[in-house]
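Following: one structure in structure tokens, then a few remarks.
A, B, C and D label the chains in the order they appear, each numbered from 1.
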């Protein structure tokens, strides 16, 4: 498992492909699930033109690693890769990648979703958005209703 | 939304990146979830050296498109891409890619998982594996317990 | 009426052919009756799937001229 | 004992600084007491998160020499 916190843009698909080629045994995984979080040009009803992402070096990596280990304890995970940016981020750029390799797809889906949800809950990052009204710290993330409601599939309003 | 059924290998990550660059509006999606199913070198306790994937041209595409449309009706899906191979497949090669773009990660996860699960249930493909004991048709796919049990996260044995 | 019949995967192996073109007499002919015509010796396997014009259906489905009927085992893609 | 105190995001804006180095007297000093030392005028905000040596904890946590204490708002990464 590998956790990277870096400044500057990255290509999540190239990173995933390269990591798989370098680190995964051949023919053992049957499923790969990736989540890529990208910067939208809107949030909470405001247009957002740019974002700065602050973090707590050291603590951030430690808590992402803990979350990955928890996922590997809960599900059959062959390998996992998390890459998260900090610093200045432009609209449409990827912010975070979570990739999980497993023999079975249900495990890959569950583990990937667990990692991104608990990363968002516990990893010390803070978003500061630039809008027409100036800069503002984002005060809370949206929750994944699928986690608290045990995977209900109702469309949220 | 786009559904491709093709013979011959593909790079799921390059396909996802290229499709996003060509087809997705900039800054509207905050989440991309991809599922890649790859060929393992084992199944049902046997070593598998190669696989042939038969399909029913026309019916296959139609049913994958129906599944994608159902997912878009249930969740907030900005776009979806499915690429599925047929013909001869070698160990570790990707068989299927499902990519879903959404404003919200819960929707992207749910829609992606729905598409791969119902594709596996309804799209007319048939796997014939080559093992040391000869060729055999695969008789059933493994189920995703998360679907029937509403997202339980118990580790299966 | 003229019906095209297609067999996939182990159903093709079992039939020894990929396709039949069948001419049937009668006002209403069901998939089950079609099966008896193409496979007089052997009943329709219990887990076989049936599609008419590429939509899933069952053996009681009534056919019309020009229909394409397919018989195949449970699907295993993905 | 000597404690390093760090502030992140809007907590740094509020404090007007990113870090403090604090010398404290006494056998047992809690995070809450440390907060009164670095911010005599203002109570600890209700939703503030606290980490000691990069692990989450609460205001009743007793500190020891060399600890690094951090105060920050709810996290918003991912």
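One rule holds for everything that comes next: a residue touches a chain if its C-beta (ideal position, glycine included) is under 8 Å from a C-beta of that chain, and two chains touch if they have at least 3 such contacts.
Model, not experiment: these values are computed from the prediction.
*Asks:* Can you name the chain that lies farthest from subunit B, using the mean of each chain's Cα atoms as its centre?
*Replies:* D
*Asks:* What whole-number Å value describes the gap between the mean CA coordinates of subunit C and subunit D?
*Replies:* 74
*Asks:* Can you give the whole-Å distance between the Cα centres of subunit A and subunit C?
*Replies:* Spacing between the chain centres: roughly 48 Å.
*Asks:* Go ahead and note the Å separation of the Cα centroids belonging to subunit A and subunit D.
*Replies:* For subunit A versus subunit D, the centre distance works out to 27 Å.
*Asks:* When you check subunit B against every other chain, which residues touch at least two of them?
*Replies:* Residues 37, 116.
*Asks:* Run through the chains and report each pair that touches.
*Replies:* A-B, A-D, B-C
*Asks:* Given the complex with subunit B, which residues does subunit C contribute to the contact?
*Replies:* 6, 8-10, 13, 49, 51, 54, 56, 70, 72-78
*Asks:* Can you check the complex and tell me which residues of subunit A touch subunit B?
*Replies:* 11, 13-14, 16-17, 26-42, 74-76, 91-92, 103-110, 112-114, 116, 142, 144-146, 150-153, 155-156
*Asks:* Where on subunit B does subunit C make contact in their complex?
*Replies:* Residues of subunit B touching subunit C: 37, 53-56, 58-60, 62, 84, 95-96, 116, 119-128, 137-141.
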